[in-house]
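Next up is a structure, given as structure tokens.
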Amino acid sequence: MSSSLPLRGVVPPVCTPLDASGEVDTASLARLVEHLLDGGVHGLFALGSSSEVAFLTDRQRAVALETVIEAVAGRVPVLAGVIDMTTPRVLAHAETARAAGADALVATAPFYARTHPAEIARHFRTVRARAGLPLYAYDLPVSVHSKLSVPLVRELAEDGTLAGLKDSSGDEGSLRRLLVELGGRHGRAEGPAPSFSVLTGSELTVDAAVLAGADGVVPGLGNVDPAGYVRLYEAARDGDFERAAGEQERLVKLFGMVEAGPEEEMGRNSSAIGAFKHALRLLGVFAHGTTAAPQIQLSDASVALVEQRLREAGLLQTR
Amino acid sequence: MSSSLPLRGVVPPVCTPLDASGEVDTASLARLVEHLLDGGVHGLFALGSSSEVAFLTDRQRAVALETVIEAVAGRVPVLAGVIDMTTPRVLAHAETARAAGADALVATAPFYARTHPAEIARHFRTVRARAGLPLYAYDLPVSVHSKLSVPLVRELAEDGTLAGLKDSSGDEGSLRRLLVELGGRHGRAEGPAPSFSVLTGSELTVDAAVLAGADGVVPGLGNVDPAGYVRLYEAARDGDFERAAGEQERLVKLFGMVEAGPEEEMGRNSSAIGAFKHALRLLGVFAHGTTAAPQIQLSDASVALVEQRLREAGLLQTR
Amino acid sequence: MSSSLPLRGVVPPVCTPLDASGEVDTASLARLVEHLLDGGVHGLFALGSSSEVAFLTDRQRAVALETVIEAVAGRVPVLAGVIDMTTPRVLAHAETARAAGADALVATAPFYARTHPAEIARHFRTVRARAGLPLYAYDLPVSVHSKLSVPLVRELAEDGTLAGLKDSSGDEGSLRRLLVELGGRHGRAEGPAPSFSVLTGSELTVDAAVLAGADGVVPGLGNVDPAGYVRLYEAARDGDFERAAGEQERLVKLFGMVEAGPEEEMGRNSSAIGAFKHALRLLGVFAHGTTAAPQIQLSDASVALVEQRLREAGLLQTR
Amino acid sequence: MSSSLPLRGVVPPVCTPLDASGEVDTASLARLVEHLLDGGVHGLFALGSSSEVAFLTDRQRAVALETVIEAVAGRVPVLAGVIDMTTPRVLAHAETARAAGADALVATAPFYARTHPAEIARHFRTVRARAGLPLYAYDLPVSVHSKLSVPLVRELAEDGTLAGLKDSSGDEGSLRRLLVELGGRHGRAEGPAPSFSVLTGSELTVDAAVLAGADGVVPGLGNVDPAGYVRLYEAARDGDFERAAGEQERLVKLFGMVEAGPEEEMGRNSSAIGAFKHALRLLGVFAHGTTAAPQIQLSDASVALVEQRLREAGLLQTR
């Protein structure tokens, strides 16, 4: 599917369903792939943060990735996260991903070990050189505690190291500066197919990102409502920003489910992933809403809040 | 001018020109006010961060505020920053601002002392109760190291403590959530005049902010090109997002001047304020480009970069 | 009293008592000075963080400083905090402090505005040059969000800008490196009187700091038990580290009072200052335990915890 | 060797030598083990941060751990780092470590994924329950971006989850509070063998940590000068703090080698690890000074600085 690259459109990070014992529930995962493709998404990102990649063992990562690729069966490109602390460990994951048939890789800057910008550049260059697949940079300061600067991304885009960027930095000003440097809204859209995809991970401002010239979005909430994100993306792409804003606002309200778990009792991460997984369970896609250890599970009261958001968004019929 | 509140539109934070001895250059400041009003701005924010409020003594703050208010002569509302560490010190500045004839106050959360969210709420409530002027909250985590949460802002909006928010957090997802909770793009625009103004301080994403339902913008770069920001705001307000995006992109390029000073030699703050001030000097508005102590001054080479950006943006004629 | 400089020993940051209306309670403040001098302290630091300097108006700062200086009447040196955002504002406070008769000034790096290390150096040099009093640098990253590096402090010590350092960074490794560069435990103690005082603000590790070569301590808890800190300092200074450690451990337990206020309800800062002030009230030194706005006041239950700590430390008689 | 637990004394984190191709140089590693045991150390910590654990693949981790355990041959206990993002991944490393014959495990709080304190507690409890080996908590906020609180560590110590703590937080005040709560200097030393080992990772303040009641130290620099750290530890343990401080000061100067690599060119991490490895090469222990990708290598000029520090510390003969 690398003919579909560079990617444009909606590319959800695929949640990883777990059974009661904490193992990957491959049947639920295959159902999720159908749910997403039925929604019209343009690609899939397996083994991202919303996939709980940080919580999966290497064996579980392989099972999840192979399940997604098999279920997709070439209908859209599949990007594979190769999330680990440093270059040698990322390269080990890249080998698995290539063997599994991924179309591209997604890597963050190094973490745990503190690295210099020059070392971050070396990291991406080494992964690109040795991994043999197109490489997306995943800018995620909240997890890796460094931000990819505009000059660094531009340099790595121009020398062919990177095929694209997944920007989950939440820094829309910086993203705008990058997009302008890369040619801006029209320079990018009207020219030949861009050689560099810019995907935002900010699922609450997709209309704005497309207005700024972004090529697409990687929305965690897109697991729950893929069709909604496809409508949002297409409206914005077609310049109908009134319609896009309306769809975006509906999705912002739906996103409120991430606060289902009370802040005094669990992390925001656990609450958000738990909400997505229970929503998929309520929608009949997943068998369980379980999240991986050591995350705290949503209480029944929290799950009721998730259900309420689904109803308000029109995704579950009122009883 | 409080009849013009709640504010909509372009409300630049007014730079404070200094003479060679570091005192407020009132003649240049009066010229800047005319420059801004000629550009069509809808209000002015005196004594904000771009005004170097943190660098001005109380006496200098009073001189700057009085000069702005006198020069404006009621043509647009003037908001006055009352930036200080805690409630008692903010109240002292509020007294000066009210005496000078400001239309509203702008206060941050406490800083230096670490405060609890409940204490931040008390801070805004006490300032509102005692200061006798409409109050805007200034969300500026980069300076005060705490973020105003969506629930807190909403609570203070609904109980009448705050007349508005200047959001310089750069967190566009959080801003979107607030705007949706306040009624969203259409709920806010079609209803009666909003009782709560949401102004973004993110000068690189104004089209996006207005698309999301923001009422206006407080752009530091608006000192240099107020007319550009007015065109941008009006295009976005009128739903012409193609035109808005084009204007925004031009301004993003112009904004590149903030990196005139090399990062190894000076702070980003000093570089940005120095660039704005030298741009105003090159435009004939300011007599000097001096910034306050202990900031390092732009070199001739850096000033040449500022000049180049002005030319590229069409603000200076090519020689 | 500048003959006593450079300072050695116990130099408490003097708490500022407030009456019910929030004004400085000068009678209580004078009693606190006697309490501290009775305890044998070697100097006083007025208008520090524990003095709630961030919460006092300029008028209140002047009243507090003048009250302390008058009550001390030359018996020990008085350092005055000149805490504000940037050089021009610090210089204004320095003028007041010199007029009031302070022996030395204590200034932090700039805050609110982000500054470059070269600008921080300029800040201290300008304050030293214009203020006409010996200058201590106050390293307090938790409040000002930058750390004074070892090379910067050493440079400013060697060129005579700084008379000393109050290190409240909590970074004991960095402090040790500085002390070794300045000559180490013996190089400093055996040589001529040091031209540069190193005082730690870490009240829980005074024995360790003196072992490392520090000249003294600025303990907030020293308001409550000045005699305990003097015993601790003198034991460590005399090389009796067993006795010093015992005294330090007793003070660590007493310090537990700073957690009197529950974390869900108030800031750690408000809890700590409130605990010190209520302890002084229980000891008969202060009339009130009030802290300044917008801080939340200790509940009766929290005050009971403070009282319990005082009894356990032997500072209040068991009823 | 679990009879030697709880650990006391000097337990260096064992550097991992790499050959020119980036693979573990087992011959050099075996020589390092002899170098450390010759120095008199009391235990070894394999696969810690100074071992570049974040840069080693799972296969390389296994090789390094097995090499250390084999070379030690039971002479001292070997702790094995099981450093990874979350519980399931840590458990996978624990299985390898147990199979290799490690005496105890060392785990950090989860990272990359943000976790709640209750989730951090679950993490340690789950690892302890399933891994079948004594567990040390590794408090390393600089890498994992959360701090283990005193109440959390105390709770996990008292319920038997943790056998000890390696505190690399640099927060000596917090460490002191923990030690006092655990019984203090004398309560711990005079009672029966402590059931909980407190080891500091702060190699510049070992005298102070032992004075405070710590049981030992895990010094990265101990790779270079194990005998120096043993002398330092024993002097402090025996109450000869004058001698301890002198030895500590010598080691602080030697530690200056970590700044060999210029800050503009490489990360502090790379510079420190590179310095230790080149020092070991200069001492004849390692064949190479290579660090793992993507770290930048020390230049010849930087290596010359390392050599100079070794000479000044008396570890290399003057030519």
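Details
As written, the chain order gives the labels A, B, C and D, with residue 1 at the start of each chain.
Everything below uses one rule, namely that a contact is a pair of C-beta atoms (placed from the backbone, for glycine too) under 8 Å apart; a residue touches a chain by one contact, two chains touch by 3 or more.
This one's a predicted model, so the numbers in the text were calculated from it and none came from an experiment.
Identification of common neighbours of chain B and chain C yields an empty set.
Number of steps on the shortest path from chain A to chain C, with steps defined by chain touch: 2. The most distant chain from chain D, with centres taken as the mean of CA atoms, is B. If each chain is reduced to the centroid of its CA atoms, chain C and chain D end up 34 Å from each other.
Computed from the mean C-alpha positions, the centre of chain B lies at a distance of 49 Å from the centre of chain D.
Taken together, the chains touch in the following pairs: A-B, A-D, B-C, C-D. Contact residues on chain A toward chain D in their complex (touch as defined above): 22, 49, 52, 54-58, 60, 83, 85-89, 91-92, 110-116, 118-120, 122-123, 126, 142-145, 265-270, 292-296.
Taken together, the chain D residues at the contact with chain C in this complex read 170-173, 176-177, 180, 184-186, 202-205, 207-209, 211-213, 239, 241-242, 245-246, 248-249, 252-253, 255.
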